[in-house]
Amino acid sequence: MTSTVETPADASRPAPSGLVAVAHAPGWVRYALLAVGLVVAAWLPNGLYPAVAVDILCWALFAVAVDLLLGFTGLMSFGHAAFWGTSAYVTGLVAIHAGLPFPLAVLAGALAAAVLAVPIGYLAVKRTGIYFAMVTLAFAQMVYYVANEWRSVTQGENGLQGVPRELFGVDLTDDYYFYYAILPIVLLGLAAAWRIVHSPFGRVLVGIRDNPARARALGYPVHRYKLTAFVLSGFIAGLGGGLFAVGHRFVSLDVLHWTTSGKAVIVVVLGGIGTLWGGVLGAGIVVRLEDWLSFSGFEAIGLVTGGIFVLVVVLFRRGVWGSAAALAHRLAARRR
Amino acid sequence: GGGGPQSGGDQKLTGDKIVLGVLNDQSGAYSELSGKNSVTAVEMAIADFTAKYGDKAVTKDISVETADHQNKPDVANSKAQEMYDRKGVDLILDVPTSSAALKVADVAKEKKKLYFNIGAATTDLTGKSCNRYTFHYAYDTYMLANGTGKTTTEQIGKNWYILYPNYAFGQDMEKSFSTAITAAGGKVVGKDGAPFPNTSGDFSTFLLKAPGLNPKPDVLGTMQAGAELVNVVKQYNEFKLRDKGVGLAVGLMFLTDIHSLTPAALAGTTYTDAWYWNFDAKNREFADRFQQKAGTRPTFAHAANYSAALQYLEAVQAAGTDDADAVVKGLEGKTVEDVFLRNGKIRAEDHRVVHDAYLAQVKPQSEVTEPWDYVKVLKTIPAAEAFRAPSADCKL
Amino acid sequence: MAGQALLSARGLTRDFRGFRAVDQVDLDVAPDSVHALVGPNGAGKTTLFNLLTGFLAPSGGRIELAGRDVTGLPPEQVARLGVARSFQITSLFPQLSAREHVALALQSPSGLGWRFWRSAKLMGRYTERADELLAMVGLLDLANAPSAALAYGRKRALELAIALALDPKVLLLDEPTAGMGLEDVDRTVELISRVREGRTVVMVEHNMSVVGRLADTVTVLQAGKVLVEGPYEQVRADERVITAYLGAADAAH
Amino acid sequence: MLRIENLSAFYGEAQVLRDVSLEVSAGEVVTLVGRNGAGKSTLLRCVMGLHPGQRGTVELDGRDITRLPAHRRARLGLGWVPDDRGSYATLTVTENLTLPPTVGPDPWSLERVYEAFPALHTRRDSAATMLSGGEQQMLALARVLRMGARLLLCDEPTEGLSPLLVQQVGDLLREAKRHGVTVLLVEQNLHFATGVADRHYLLAEGRVAEAMDNSEVRSRERELLAYLGI
Amino acid sequence: MSGFAQNTFNGLVSGAFYALLALGLAVIFGMLRVVNFAHGAFYMLGAFGAYVLLTEAGVPFWAALLIMPVGLGLLGMALERAVIHRLTRLDPLYNFLLTFGLTLILQDLVKLRYGVQSSPYATPSLLSGSVNFGLFDFPTYRVFILGFAVLLCVAVWWVLTRTRIGMVVRASTERPDLTRAFGIDVGRWVTPVFGFGIGLAGLAGVLAAPMRAVNPLMGADLIIVVFAVVVIGGLGSIFGSVAAGFGIGLVQAWGEAYLSHFPIVSQTIVFVVMAGVLLWRPAGLFGREEAPA
């Protein structure tokens, strides 16, 4: 019998469960998917406008960073723009003032993001679930205000213009070549995320997500693990943000705005929480969609993204990747 | 990848056509000020150009591309590149929001394609961020501040209290205002930077301070823009500062803002406008034509887009080619007269397009006789005075 | 007395917004003994467990483990010091297999869990030991099943295996036989009597026959206070215990 | 009045009730005995409609109420004294008492409640969870009496009460019975049980192991106590 | 001295908006465990609704003050029935995400129809004067807002603590199952409570219309500050939310007045306070501890 017991006390439940599709696909399927993914990545700027392809790469990193927390640690950060944006600014400043080759500047940016993630994470991981989301959102807004006020450094509203794309004198002004220059960094970032998820550390995170009390009883310092995950995620988001800054050759306050955090979450949920690669897919879809919409003459982009988002949350909580994986699973099961 | 083939001087037109790109905000804060109606204005310019030259026109194939940059510089960046590279755009127009405007200037420089900025106010476009392919067309912070500050001091009151949003634009405006006021013999008795963005939406702390200053300011100069301006003005009226003898001058105000706030809330307020639709018969004639197409009266941005598109086409016609360098050469130093540009001149030094500006005052509600006719022009500021001298920062 | 006790509490108190769940409890758990905590529902047994394991901070009193003050330490540190616990309500990681559970527990003291740059395959080094433990609780054939798919009694067994994997000095078991059928209860009793060798066990148990078979000492809690403490036979005959807990006071005349 | 047929209940995969069938006639007091964890409380929750994982049928006055939500069942005259006493921390004692609507023909007035339980009167403005365990138990019982419920589902109402209060609760139940109220009582205390009840069910491992009357319980007391693990 | 009094008064007026919004959030969260991201959007709809009623139907402020909260409350109830309800059994994050998506939709719908330019809304003539407080004058409208908000918060607090309605709501919140077992249809209370919370947001919006710029984005940034406010006050706590709302309004106003050389202070002070509160009392000033993790 189905009874109508509502359980608001469910606030204690750690992760959006039932979503984590980590389908155990057979090895050859995974290798085939990987190969397809690499081929698509290699071809992308030929099929899409290269600048859009560059954006997709950056957002893919951002989404994967958010999913690392949301899907694999059970923490929904609604303030990840703080890391993406901080890295963008630091990358830009380093590139402008130190004239370093861009990969080093991006690295500096990502490190700065990771450093910022320490105090914010320290405070935020004291809360879980919805509180965590609100607290990260609020702190990110604070970072936004600081960047806005710190005009002497960030150039305020005008944005940090003229971030160089320096790479030992190689001309990378063309986005087409720039795409290929950053592809290895992005793949490295994605591989790092994958490695983290599939490391002993990642196992502990999943344990913490599913049952923090149990993990503590096993001797795992849950707060410190969460904080470490938060910092790692901040670093990867920072990689994306730094590349974004170099990609656009400037940084504006938008990179720190809460709508940017929101967009990252949209990308992840659309792609599929806890799927990692879903975030990459989500980034492709959202960036491409927005690109298309801004030329379409349709005035309400939020209506479309918001609408899609609501649909996903209400009807396809597994997201694109998760739903596809589930479908493939069912088909495979039926054939057997 | 890369851009289309660069045309040499011998080739007339790339692809035998001209494509004008309107890149602006079609959904955000500036969408009514310029937005899609700027496209309409540009289409009018094309029609007028075609009608004028008929078969003698360099080409009959002139089209418009448009995109919404959502006031986001990163979107503006991608869209601008895409317009130049993929959509064959020869000239990008409009681009409000300073950060986006500056970004597109970079793109134009790199792609060596033309860019007429209309919507943005930052003087950096003709200062440290100027470049050979970028022209700043309609207005800038100096023009706004100088016009309003100087003329209001001369005509309305000498003592000022300045309230500005504490970010790049606001700080620039405050500085320019203070300079202009002092130069005109006025005095800034107090100034405050309000938090920006001001989430609480409350400016009462500052507004309450104004009447108590010594000497009491005659004018409150507010540099807030858009929704913040609306908040300031609402609260200015709430605290009845006008009744307490403190007049209002606004740094940056558009016709659409007056419409939002209603003339009743703003009666007596002074500000500088780059163009006003009901200034004279010529403007009015354009405004009537525009209204037929767009269903509303044009803002200065619409008129400026029209003018910019037209002047570009004229320049191409004159040069016989759409090669950017050739067109730039033709434009530099040119004096122009059209519905928007009065006593207009395209300065070669910094690519500032100078023209007459207007100190406007909002009419009392009782004198508003037709929709959108909200202001009277107190003074025409001659082109020579309206804009700053070419900046040393600009190296084209 | 406190000197010899492995785990001891003095004046341990815990308030929940005005409600005193554990009230001035003194407890001494002798090394190598099985110490049972019994008492009515709500007497404070689980709360006492939570205090002893650091899941709750005491409002007052102090806790010593082998002479060391562990009052207020967070649970993970208490666990590191050799105190393992099971939960009254089964508490597992639904997505992990039984073997992964045990491996996770085995890994805990090693610091391998911090290696986010290494492959999870490294955890393979624990497989052998994990399988031993699983065999011990009779779960070896189910080693690869995700814990969500285990039957309730099996989950309780897995709880035990995890706790053992920490190789604890003190094992705290909250109702280890709750929800088990009779055979399972017997098996669990037998298992506990095997693993108690060289360990100290504290358990909460409502099943008095289990208590009788295992416990050296029984502490009866009531309303947060220690009512009676002593050997099983003595405690079960105690009038106060019969009144407060066993509940057959009038019948016992 | 109450008929339960083939009731099974689960917590996740753990089955705690297995095909339980029993009946309580109007005006009867029936106890359920069984060890800790036998499933007694779960049974009451099933009757109340609060247990999500259940199979079987529950009938009240011949009407199948298996699919009715809990609040509709309460309106039919079911009153539940939960095993955890069900005190609201955010409500005062008086509010705890007046929260449920009256559902039967013979509700107690607030005055009558306070007369019967003077302790509650003195604490009437305290938050309910601030009361002592015994007082909370009184409150829980008083609450269903005030509802005027026709069928009381009492889960260990004497737990934590002093002997004096236990006697008083016995008196109350007997009085309620005289007024035609039916009671299904979960009780560990056999002595108490035989003092108020007409019949008994022994629940073991989720099954009804035996049905007994008072004399049978008294004669087998030692054996039963041993069985109950006491 | 009078300057201080004025600044304090203004702080309380800004705080009144925070308090009203936080109150609605707290009521909804307390009952449904839903953090309503769309709260700011409903605030905006309240203000916009007042504008539309006035310009398109000639409905005055006073009528709007009644119509908008009721109308939005009904909309909220429909929303609760249609979607929110389905997600309450899942992780609360889903409803947070849902209402986030909803915010984007609502903002854009208004934008599509009315554009982004702020819409005019005049102070009702009855309240357009000013009141003299001896030391200083004050716009009647502000006095009205403060009085109205305080009254409303007290009334809501009174209803939730002193009446049968409040009793049922509190009981349903604390222990829904138990409450059901006492013959109370918890589900039937949940929907109106959600509607009520939304109605409060709408009311705050109508009150804001004469004072603040009325545009589709007016609630967007505000809601984040309000989130910080409820984290400070303790998310479930009605009293805490209201107190923190007024408190933050005050602190911001003082910061603006006396630290005007550091504009960063008044913008970030709410977040700094939040960080402090998180360190000192993670559950918020008046919040309850969560169960041990």
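All chains are identified by letter, namely A, B, C, D and E, in their written order; residue positions are counted from 1 within each chain.
As a convention for this text, a contact is a pair of C-beta atoms (placed from the backbone, for glycine too) under 8 Å apart; a residue touches a chain by one contact, two chains touch by 3 or more.
Per UniProt, the chains are A, E = Branched-chain amino acid ABC transporter permease; C, D = ABC transporter ATP-binding protein.
Just so it is clear, the model here is predicted, and its values are computed rather than measured.
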item: Those chains which touch chain E and also touch chain B; value: A
item: Leader among chain pairs (count of C-beta contacts); value: A-E
item: Most remote chain, CA-based centroid, reference being chain C; value: B
item: Centre distance in Å when chain D and chain E are each reduced to the mean of their C-alpha atoms; value: 43
item: Computed distance of Cα centres, chain C from chain B, in Å; value: 74
item: Chain centre separation in whole Å, for chain D relative to chain C (CA means); value: 32
item: CA centroid of chain A to CA centroid of chain D, Å; value: 54
item: Residue list for chain E, restricted to those that touch at least two other chains; value: 108, 111, 173, 177, 186, 221, 224-225, 263-264, 267, 292
item: Junction residues of chain A, two or more chains touched; value: 4-5, 17, 149, 213, 216, 222, 299-301
item: Contacts with 2+ other chains: residues of chain C; value: 17, 55
item: Residue numbers on chain A that touch chain B, as the complex places them; value: 45, 49-52, 55, 148-149, 151, 155-159, 161-162, 173-177, 244, 248-250, 252-255, 290-291, 293-295, 297, 299-301
item: Parts of chain B lying in touch with chain A, wherever the complex brings them together; value: 1-2, 26-27, 31, 36, 66-70, 72-75, 77-79, 81-82, 85-86, 98-100, 102-103, 106, 110, 122, 124, 129, 166-169, 171, 196-197
item: Interfacial residue positions of chain B with respect to chain E in the complex; value: 27-29, 31-32, 166, 192-197, 199-202, 204-206, 208-209, 212, 226-228, 230-231, 234-235, 237-240, 256-257, 259-262, 264-265
item: Residue numbers on chain C that touch chain A, as the complex places them; value: 53, 55, 74-77, 79-80, 84-85, 87, 91-96, 100, 104-105, 107-109, 112-120, 122-123, 162, 166
item: Contact set on chain A toward chain E in their complex; value: 4-8, 10-13, 15-18, 76, 123-124, 126-131, 133-135, 137-139, 141-142, 145-146, 149, 212-213, 216, 222, 258, 262, 265-266, 269, 299-303, 305-307, 309-310, 313-314, 317
